[in-house]
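The same chain A turns up in both complexes below, where it pairs with chain B and then with chain C.
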Partner chain A sequence: MQRFFVILKMDLANLFKNLIIISYNTIFIILLIVIMGFLFGGNYAHIEDAYKYFTVTFIIYAILSGAMTASNCFMERDIKKPNLRIIYSPAGSFSIYFSKLLASFIFDYIFHTIVLVGACLFLHVSINNLPLFILSMAPVEFMSVSFGIFFCCVFHNEEATSTLLSTIVSILSALGGTFFSLDGMGKAMAFISYISPVKWLNIAFFRLAFDNNLSYILPTFVISILISVALIIGCRFTFKPEDYL
Partner chain B sequence: MEKIMEVKNLEKTFGNNKVLNNVSFDVYRGEVLCILGPNGAGKTTTINILTAALNSNSGEVLFNSKPISKNLRGYKQLLGIVPQDIALYEELTAERNLRFFASLYGLHGNSLDSAVDGALEFSGLSDRRHDKVKTFSGGMKRRLNIACAIAHHPQIVIMDEPTVGIDPQSRNHILNSIKKLQSNGMTVIYTTHYMEEVESISSRIIIMDHGNIIAEGTKESLKESVENEKHYTIKIDSADSIEPTDFLKIIGVKSSQIADDTIKITSDKNIENLDQIIALITKHGSKIININSETASLEMVFLKLTGRKLRD
Partner chain C sequence: MRSYLSILKNDYYRTIPRLITIIVITLLTLVSIVLAVYITSTQQIKSHVVFVTDKNISLNSFKDSKYLDVTITNKKPPLSDLIRQRYDAYISVNKNGVYKVDTLYSDSYKNTILAILNNQKVKVNYLNQSERSIGVNIIGFMMMFIMMLTFSNMFVFADDKEQGQLKRVFASPASFKSYILAHYTYCLSMLAPEFILLAIIKVLGWNIGFSLTEYLVLMLTIGLVSTSSAFLLNTLIHKPDNANMLGNSIIVLTSVLSGSFYSLAKNNTVFDNVIKILPQKQLMNFAQAIQDNNIVSNIDSLLYVLIISFIMFIISNIILKSIYVKHA
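Right after this comes the complex of A and B.
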C-alpha cells in the first residue's frame, strides 16, 4: 500500500505541474461559461439564467472531459517511459493504472469544484444545495476518468484515446444540450437529444441545482459507480505490461 | 560457481513469428553475462521475459532455484533493470527521480537517504543532484538511468544496451561502474552490440541469432572455438627475390601473398612453423622489419557465427 501512495503522490505532482491540463480544466471552462452566458444572455434569457444554465452544462462537460486528463496522466509521452520502471518494480500493475485513475479523479474534482464555486461567487449563479451538488459530481467524475484509463489500456496510446473520447464527449454534449438546448428544435431533435446520456446528466443536475429534486441523482450515482467498477475490472484484463516495452 | 538464475526452454512467438526457440542458459552469482546478437536475434525478448514484464509461451525462469512466477514480488525486489530507453522523469531532479524509484522497492527514511546518496555517488552525479534531468547530457541521463536501477541494492541487474549513443567518457564510466558492481558481488546480465564492451567486462558470453543460442562461453573459449587458422603479417626490407609460392612448401601454410614488401601468410593453427618462415625469408637475403601475428577477435567470432549478411 505504501508503494501505491508513493506512485499516487508522484502522479498528482505530475498533474499539478502540468499547466496545460490545469488551464484546460479551469480557464477554458470558465471562458466557455462566460462567453456562452454572455452571448445567450439578454436576447434569449436573463444573463443570470444563462450563466446558471451554462455553469451546470459546462461543469458536466468538464467532468466528462476528465477522461482526457486521465489519458494524459496515464500515457503522456514523458510519463509513459518512467512508468516502465514501475512495471519492473514490485509495486504491481494494478498500482499503475489505479493510481493514475485516482490522481486524475482528485485533480479534476478539485479544479471543477473550484470552477463551480467561482461561478457561484463571481457570476452570481445560485445553486440550491451546493455541497450535495459537489458531492454528486464525484461519481460522474470517477466514471469519466475510468473511461479515460480503460481506453488507454485498450489503445495503449494517449493520442488515440484522447481523440476518440473528446470526439465522443463533444458529440454527446452537443446532442445533450451543453451548448444550447435542442428541445426547441422540433420533436425529432428533442428525441435525438434524449438519446445522449449527457442530456440525462444535465437533467439530473439541473433538477438538483434549481428544483431541489434528487430523483435523478441517486440513479446517476449508482450507474456511475457501476460503470466505473466495470471499467476498472476491464482494465485488469486489458492492461498488459508488455505494451510499455 | 553458484547458480543465481536458470533459464529453461524459453519459447516466444509474436503472431506467426517465433522469436525465441528453446532458449536455455544459466546465470552464475557474481558474473557479468553478456548477451550478444544482431538485431532481431531475440536478446531483448529474452531480457523482457527475465524482467517478468513479458510472458513466454513456454519454459520457465528460476531465480535462486525457485520459479519467478511463484514469488514475483520477491523476485522483482531483488532485481534491478536498466531499460534500453531512458526511463526518467525529465522535469524532476536527479535526486527526486532516485528517491521515487528507490521508494518503490520499499526503502524509506535513513535507508532511502543512504541509497540515494550511494547511487548518486556511483553515477558521478552527486554535484548535480538538485538539477532537473532535462538539463542533463545524454551520458548523464544514461548514468542516472543505471543509478535508478541499482539504488535498492538488487542481487541481479539486467542492462539492455545501456550505453547507446553516449560519449566515450560516460561509456568508460559506465563500464568501470559495472566492474565495480561485480566486485561488490552483484550479478549483471548485459546486452550490447559493442564488442569492445564485451571484451572489457564479460565473465561469460552468450551469442544469440534467430531466437537460438548459437554459442556460449568465456571470450577466450569462444575465440578458440572459431580459431583454426593463424595469420602472420611480415614486413621485410625487400621482397624482390621471394615468390609467394615459396612459402607453400612449408608444412601448415595454407596461403601467402606478397605486396609492398609485406608478406601475409595464413597457416594452420596447430602447426608451429614460424621459425621455418623466418628461415626462408633470411635465406633469400631479406631483412625482417616487423612480424605481426593476428589472433581471432570477438568481432571475428561474432561475424563467423552470425554471418556478414546485413540484418533488418
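Right after this comes the complex of A and C.
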C-alpha cells in the first residue's frame, strides 16, 4: 500500500506541474462559461439565468473532458519509461494504471470544484445544495477518468486516445445541449438529443441544482459507479506491460 | 521531390495503427452533417410553453398557433426545465381571467407571449431562429470536428520533433521545404473521407446546399488554417500531448465564439469587431457569402484566412530554423 502511495504522489506532482493541463481544466472552462453566458445573456431578463445554464452544462463538459487529463497522465512519453520500471518492481502493474486514474480524478475534481464555486461566487449562480452537487460530481468524474485510462489500455497511444475521446465528448455534448439547447428545435431534434447520455447527465444536474430533485441523480450515481468498476476490470485485462517496450 | 514522396508515403504508413480512430471520427462527422441537415430542415421553430390549469378548458384558440407549442398540465413543471430551455414559459390564468407568464427571458418576449394569448396579431421574433441555409450549417457543424482532426494529424510533425528526427532532417540533404510540404499534404489529404462522405450524400440525392467544389475550397481552407496552427503550437510547445490539448481547447472556444453552431446576433459592435479576428468567423462569413451568391465581394474573408495560415507557417519556420540551424 505504501508503494502505491509513492507512485500516486509522483503522479499528482506531475499533474500539478503541468500548466497546460491546469489551464485546460480551469481557464478554458471559465472562459467558455463567461463567453457563452455573455453572448446568450441578452435573451434573458437576468443574465444570471444564462450563466446558470452554461455553468451546469460546461461543468459536465469539463468533467467528461477529464478523460483527456487521464490519458495524458497515463501515456505521456516522459512517464512511459518510469512506468516500465514500475512493472519490474514489486509494486505491480495494477498500481500503474490505478494510481494514474486516482491522481487524475483527484486533480480534476479539485479544479472543477474550484471553477464551480467560483462561478457561484462571482457570476451569482445560485445552486441549491451546493455540497450535494459537488458530491454528485465525484462518481461522474471517476467514470470519465476511467474511460480515459481504459481507452489508453485499448489503443496504447495517447494522441489517438485523446483525439478520439475529445471528438466523442464534443459530439455527445453538442447533441446533449452543452453549447445550446436542442429542445427548442422541433420534435426530431429534441428526440435525437435524448439519445446522448450527456443530455441525461444535464437533466440530472439541472434537477438537482435548481429543484432539489434527487430522482435523476441517484441512478446517475449508481450507473457511473458500475461503469467505472467495469472499466477498471476491463483495464486489468487489456493493460499489457509489453506495450511500453 | 523524391524526399517529398517518401515522407508522404511514410506518413501514410504511420497512419495505419490509427485507422480505427480515423474511422470513428469520420462516422462522427457524418453525425454532425446529419445534425446540420436536420436542424435546418426543422422549418418552424415554435416557442414551447406550458399552460398550467386545473380546469378542463379548451385551448383551441392557440392550440394550433403558428408560434406556440402548448402543453397543458395541472402541475407546474420544475424551474430547472425553464433554465435548461426545455420550455420557454409557463402560463397560468387567475380567477379574473388574466394571464400570468413566468419566463426567464426578457420583457419583450413576455409581452409577445401575452399578446398572442390575447389573440392579437403580432409578429413574433423567435429566440431560437437561425436564418442559415443547409450549406452554412453543415460547414459550421463540421468545422470544429475537421479542425480537431487535422490538428491531431499533425502528430507526424510533432512526433518527429519530440523524438529528435527533426534534427536529422535539418542536418540531412533532404530539403526542409519538401519535408514540411509533405506533412501539409498529408494533413489535407486526410480530409478525404469527410469529403467523400459529402459526395455520397449528394449523389444519394440529399440537399447539401453548396456544390462539391465549394465544399472542397472551404474544407481545404479549414484544413490549412488548422494545420498551420498545429504546426505553430507544436513548434512552440515541446510535448505533443500538451500542444494537442491546448489546440483542442482553442479550437472549441474559437469555433463556439465565431458562431459555427449557432448564429449569434449580439448587437455589440466592439465584440463583433473582436470576433472578426478569428479565422473561423471569416470562414463562416464566406460560407454565408456563398449562400447569398455574393462570393466576389467577400473574397477577402477567404484571403484573410489564407494569409493567417501563411503567417503562422512563416513564424514556425523562423522559430524552427533558429532552434535547429546553428550558424557558426
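As a convention for this text, the second predicted complex is superposed on the first by the 243 of 245 C-alpha atoms of A that agree within 3 Å, B and C clash if a C-alpha of one lies under 4 Å from a C-alpha of the other, contacts with A are read in each partner's own complex, and residues count from 1 in each chain.
As a convention for this text, contacts are C-beta pairs under 8 Å (C-beta built on N, C-alpha and C of every residue); 3 or more make two chains touch, one makes a residue touch a chain.
Computed from a predicted structure; not experimentally measured.
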item	value
Which of chain B and chain C A:Ile7 touches, first, second, both or neither	first
Partner chain in contact with A:Leu121 - chain B first, chain C second, else both or neither	neither
Which of chain B and chain C A:Met189 touches, first, second, both or neither	second
First (chain B), second (chain C), both or neither touched by A:Asn213	second
Partner chain in contact with A:Ser170 - chain B first, chain C second, else both or neither	second
Per-residue touch tally on chain A - higher for chain B or for chain C	C
Partner chain(s) touched by A:His46 [first = chain B, second = chain C, both, neither]	second
Doubly contacted chain A residues - partners chain C and chain B	78
Chain A partner contacts - residues on chain B that touch it in the complex	48, 51-55, 72-74, 76-77, 79, 81, 83, 85-91, 97, 100-101, 103-106, 108, 148
Of all residues in chain A, those that touch chain C in their complex	18, 20-21, 23-24, 28, 31-32, 35-36, 39-40, 42-46, 49, 52-53, 56, 68, 71-72, 75-78, 155, 157-160, 162-164, 166-168, 170-171, 174-175, 177, 179-181, 183-186, 188-189, 192, 202-203, 206-207, 209-211, 213
Chain A - residues contacting chain B, complex	2-3, 6-7, 10, 14, 17, 78-79, 81-82, 84-92, 241-242, 244-245
Chain A contact footprint on chain C (complex, rising order)	17-18, 20-21, 24-25, 28, 31-32, 35, 38-39, 42, 45, 47-48, 78-81, 83-88, 103-107, 109-110, 127-128, 141, 144-145, 148-149, 152, 155, 158, 162, 237, 239-242, 244-246, 248-249, 252-253, 256-257, 261-262, 264, 266
